[in-house]
Amino acid sequence: MGKLTDVRRSGGPRGGPGRQRSVISPALFSFSLGKDAALLPLTPAITEPFHGLQVRNHERIGRWEPVPAVPPTLAETRNLLEVYGRSWLGGASVDTAIAVVLDDEWELAGAANLRVDHQQRAAEFGCWLDPFFEGRGLARRSFVALVDHAFNGLRLDRVTTRATADNERSRAMIEKLGFVQEGVHRKAVYFADGRRDEISYAILSQEWAGGAGVSADGLSVLGAEKYP
Amino acid sequence: MGKLTDVRRSGGPRGGPGRQRSVISPALFSFSLGKDAALLPLTPAITEPFHGLQVRNHERIGRWEPVPAVPPTLAETRNLLEVYGRSWLGGASVDTAIAVVLDDEWELAGAANLRVDHQQRAAEFGCWLDPFFEGRGLARRSFVALVDHAFNGLRLDRVTTRATADNERSRAMIEKLGFVQEGVHRKAVYFADGRRDEISYAILSQEWAGGAGVSADGLSVLGAEKYP
Amino acid sequence: MGKLTDVRRSGGPRGGPGRQRSVISPALFSFSLGKDAALLPLTPAITEPFHGLQVRNHERIGRWEPVPAVPPTLAETRNLLEVYGRSWLGGASVDTAIAVVLDDEWELAGAANLRVDHQQRAAEFGCWLDPFFEGRGLARRSFVALVDHAFNGLRLDRVTTRATADNERSRAMIEKLGFVQEGVHRKAVYFADGRRDEISYAILSQEWAGGAGVSADGLSVLGAEKYP
Amino acid sequence: MGKLTDVRRSGGPRGGPGRQRSVISPALFSFSLGKDAALLPLTPAITEPFHGLQVRNHERIGRWEPVPAVPPTLAETRNLLEVYGRSWLGGASVDTAIAVVLDDEWELAGAANLRVDHQQRAAEFGCWLDPFFEGRGLARRSFVALVDHAFNGLRLDRVTTRATADNERSRAMIEKLGFVQEGVHRKAVYFADGRRDEISYAILSQEWAGGAGVSADGLSVLGAEKYP
Amino acid sequence: MGKLTDVRRSGGPRGGPGRQRSVISPALFSFSLGKDAALLPLTPAITEPFHGLQVRNHERIGRWEPVPAVPPTLAETRNLLEVYGRSWLGGASVDTAIAVVLDDEWELAGAANLRVDHQQRAAEFGCWLDPFFEGRGLARRSFVALVDHAFNGLRLDRVTTRATADNERSRAMIEKLGFVQEGVHRKAVYFADGRRDEISYAILSQEWAGGAGVSADGLSVLGAEKYP
Amino acid sequence: MGKLTDVRRSGGPRGGPGRQRSVISPALFSFSLGKDAALLPLTPAITEPFHGLQVRNHERIGRWEPVPAVPPTLAETRNLLEVYGRSWLGGASVDTAIAVVLDDEWELAGAANLRVDHQQRAAEFGCWLDPFFEGRGLARRSFVALVDHAFNGLRLDRVTTRATADNERSRAMIEKLGFVQEGVHRKAVYFADGRRDEISYAILSQEWAGGAGVSADGLSVLGAEKYP
């Protein structure tokens, strides 16, 4: 993780009879993304369902950001979530799972995070989503929620994000949220089939509409009830 | 912490002009206790405001449960919250801060927690509250929220709690929630001025009304919107 | 461990020709329980013989206190003994192996321990024994030795112990030593075949006869020569 | 550290009679930068002389990159060098001290480093120099040495570096070495007196002249004898 | 520690009215050195009395083995005893306190230890004693106990010890126990007032009389009852 | 490691067509042993080539110093090199790999180290070499380099080394360098086929010719250019 994957709809039928789900028990702590979705702390408590989600999306994530050749083992996922949890306790990152209500059950749909640089008062946003859950604005809602948290909760000055140059859909979403392109980094990302260019974006706290410009398309709810 | 302090109203006037407050920045993750209050993860992110709250309540907490002679230093509070955070990541406890909205700001009002024994599928509830915030049902709401989480989120079989024998107000609340007295432990708790008896209580999952009996006085909201 | 297993005699013949033994090299440090037995520090130095003892008693211990479905591996036993050893160094517990002289060799027969709560100046006693060594008063002697150490060595105020309600033999021994029943904890212990009630007991330092009442049946020796 | 400080000459007289020096014992391992200078491992072995150098340069470094308000304590410097050393052992960075021969003694003059991202096969270069040692090409020689090591020793694909937009001297040196400007990051760096823009640069392995283009001005020596 | 200090009697009167003592609570585990003395595990449980003993003997120990210029702080002693305890758990050493019964109380008198090299199946003995307790054969009894433990408990092949060349009293005792001088190490030990020669001694398991030759002067008791 | 293996030439043909090599990437830091060889930091960065070297020499090293029955696994070698690296950072040892230029490539040939005792201001030297690289004076050059570093870099007072009594070739080299035999340690070293005597040697800083006496046979180069 660490940047935006393409949220383009995948071609095939979604969620046929055999669709595997990452159902979770009710969490105590959450952040509402609206009536149908929430961000949850990404900790070892949800190792098993999150692991399933990761494994099912491993190949697909690898299209937009470099991943190891093989999916993680369950032990590696647990270790990763422990690292995320400790990093969160230490204030160095905010790692969240995106959860959705479906058929009266909560189910994991993806992940979104901030990496925080307190010395520079800045953070970097990243996100990925299972294709079954595309088209619901979840990436955008998570993005707004975490950028808002970076500026209003953590009192940072600047949020950045990155996308590979060929990830047009993510780049469109980033730009629509008001981020400014600041750099084109030649061959900056390693993929097994060749390095790719990467685009860097940033928004400053004074440029962030605080939900105003954004709320037009339904996220005002998020602003209003975001806490608690 | 680890059991219930008395929630009796303190005699003096509350919150005169000089009242010190533990105001916090908006947290990302929370659990709603209604429109005016929420539980937050008790982590190092809120070290400074929580430390202030602890120091102001140190003498008073010592009336109902044993505490060291002197209040903790800021470094000790930070260390404590790191321990709480790691314990939460490891699944061994759920430590929360009770936060209240006052004058459009979020302010810390107390703490509530579960200590979890996964081997026995059981947990123990504990709670304390700043006297300024008494009379709002916050201890009871936190209690209901965490017991509910123990049974429905963590899928445990049994929740216990304890109170010193002379802590009548807490004992009344515990009993009203349906907990059954199981033991009288002679001189079980050490205080500087002499050991005191302690009463142990428990409730089993099948005895827990799941918010039903409890919801009559306004906590149904908590049941309905508890997640997310 | 953490409470008393039943010391009832097992039905079958004891120690037939094929009986497996946990013979140990002479330890440096010990506590004499009389001419035929001693308590030893339970540390990684005796990992292999203690592991054998645990594995042979795994199913039987599971009758009186919950244990995992499968016996520990050697590595898990070593890790457990490291945890015990570090806990002892930190003052949080006293874990001992019960050793017996048989055919001029020292052999492990069981384990006895105290879990110490310095804040409350209290400790909890627990013990288990291989059935071959029942009938020698080893559980009682270990109990007396550790309770005496809790009051006279560690200067604690109170010692507790627990037994499942159906463990009549252990409960009789506990009561005979002067412990007072303080609670009946409904369904407090998880077993694979259903939860069971648990009885809690305690004795206060001023109630402990210091070996006097106890010494009548042969433990005066222990009092007299207990150190060194 | 993490980017280039300005190597502009400071105005005042250099090294008057009272100049403080960071003299070191001969190190075992080194990398020659020519007859008068070398890179050394930046480890706790040189805590005291390096600490002196840091403290003397604290205010000046703060002109080009953000530093804490007060210089580090000796214990903080030791801890920093331990972190550097462990990071080097783990392959995550290469931290070096720049040492110079002066009056037959070795003396610390600055620091240069690479932060390595093995997943992306990339590294970032940074450097700072005590003003007394400016004008000897030490920053440039260190830069060439470490970039060369990144490509030929570590087999990376890409090296980046950054400088604040107003650090013209460093930017000129970076560009002269063949690095390409890839981004202008608005208000990316926090300083106590206001955020500043930052310029990002990169060079790819196939663009690196391997010492050829560079060697013209004396660094061929470095290429030729760089190992051992 | 790590070798033998001189056990020569100090000139002055012993234990006048103002003598400071390191009285301890009864330990659980011990090794009897006879009716009046025992070895105890040297762990953080006895930090305070052992610290007092160390501080009182700091200057004197420094006559026979190098010590820091100032006595340790209480925190340093606690840390040292934690290191000793962990080393013992790991099998790398056996650190003991020598305790003596005086006026019906147990009091610390010195320390004795083995450093174990399992790869070479060897150990090195060291010991020091408060001068008040000289003349009771405590150093010799501790030596015999630990060498015996090295050969019969730990099954080692060889035990070594060292003394500075001018420490005639210790050397006489070492030689009387059957150790063979194997080397004279020139200027091997650093003291503030100049380096001194050191003599190395060893005994092999087959040379150790197992208490036989030694028992003549009262240590047979130790052999007979050494465990438990 | 920890003492000198015999550097006697092995009988068979060296380096036939199938000879396995431990080729390495250029290191940044090194210490020149002349035009054809250097010492390198022995860290996890060279785990794989060093592991190959160790495995190929396992049986042979076992002739002169005790080694485990089976060669280390790759994970064990990595762990060993991490231990070496941390020990070096902490100042407790200097572990180096001996590297040689062959066919324009750098290749590992053996290892040399110092174990440092700062309290005694002393160090112990050890070394082993792959037989293919014998006859080039590499053990002697490494020895001179590290002893020189001990006296002139680390400012120690004394360097020791050891060899089994039957290792005549190493002993000759040690003595030729000016070391003085100080002890014959009976059966001091454990081998699977029986314990062997060991000879201990030492040289004091004032006895070390600083390269002068040594330089006669070509090592003056080492003295002259040893740093950087």
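To keep things simple, chains are lettered A, B, C, D, E and F as they appear, and every chain counts its residues starting from 1.
The definition used in the following text is that a residue touches a chain if its C-beta (ideal position, glycine included) is under 8 Å from a C-beta of that chain, and two chains touch if they have at least 3 such contacts.
The shown structure was predicted, so the numbers you read here are calculated from the model rather than taken from an experiment.
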Report summary line: Listing by label each chain that touches chain D and chain E gives F
Query raised in the report: Among the chains, which is located farthest from chain E on the basis of C-alpha centroids?
Result: A
**Report entry** Distance between chain centroids, defined by C-alpha means - chain C, chain F (Å)
**Finding:** 52
Report summary line: Rounded to the nearest Å, the gap separating the Cα centres of chain D and chain F is 33
Report task. Report the inter-chain centroid distance for chain B and chain F in whole angstrom, where each centroid is the mean of the CA atoms. Result -> 62
Report task. Spell out, as numbers or ranges, the residues of chain B touching 2 or more other chains. Result -> none
Report task. Name the shape of the chain contact graph, picking from line, ring, star, complete and other. Result -> ring
**Report entry** Chain order around the ring, beginning at chain B and proceeding next to chain C
**Finding:** B, C, E, F, D, A
Report task. Give every residue of chain D touching chain F within the complex, in rising order. Result -> 25-33, 37-41, 43-45, 82, 85-86, 88-91, 94, 96, 99, 106, 145-146, 149, 152-155, 226-228
**Report entry** Of all residues in chain F, those that touch chain E in their complex
**Finding:** 66, 119-122, 157-158, 160, 180, 182-190, 195, 200, 202, 204
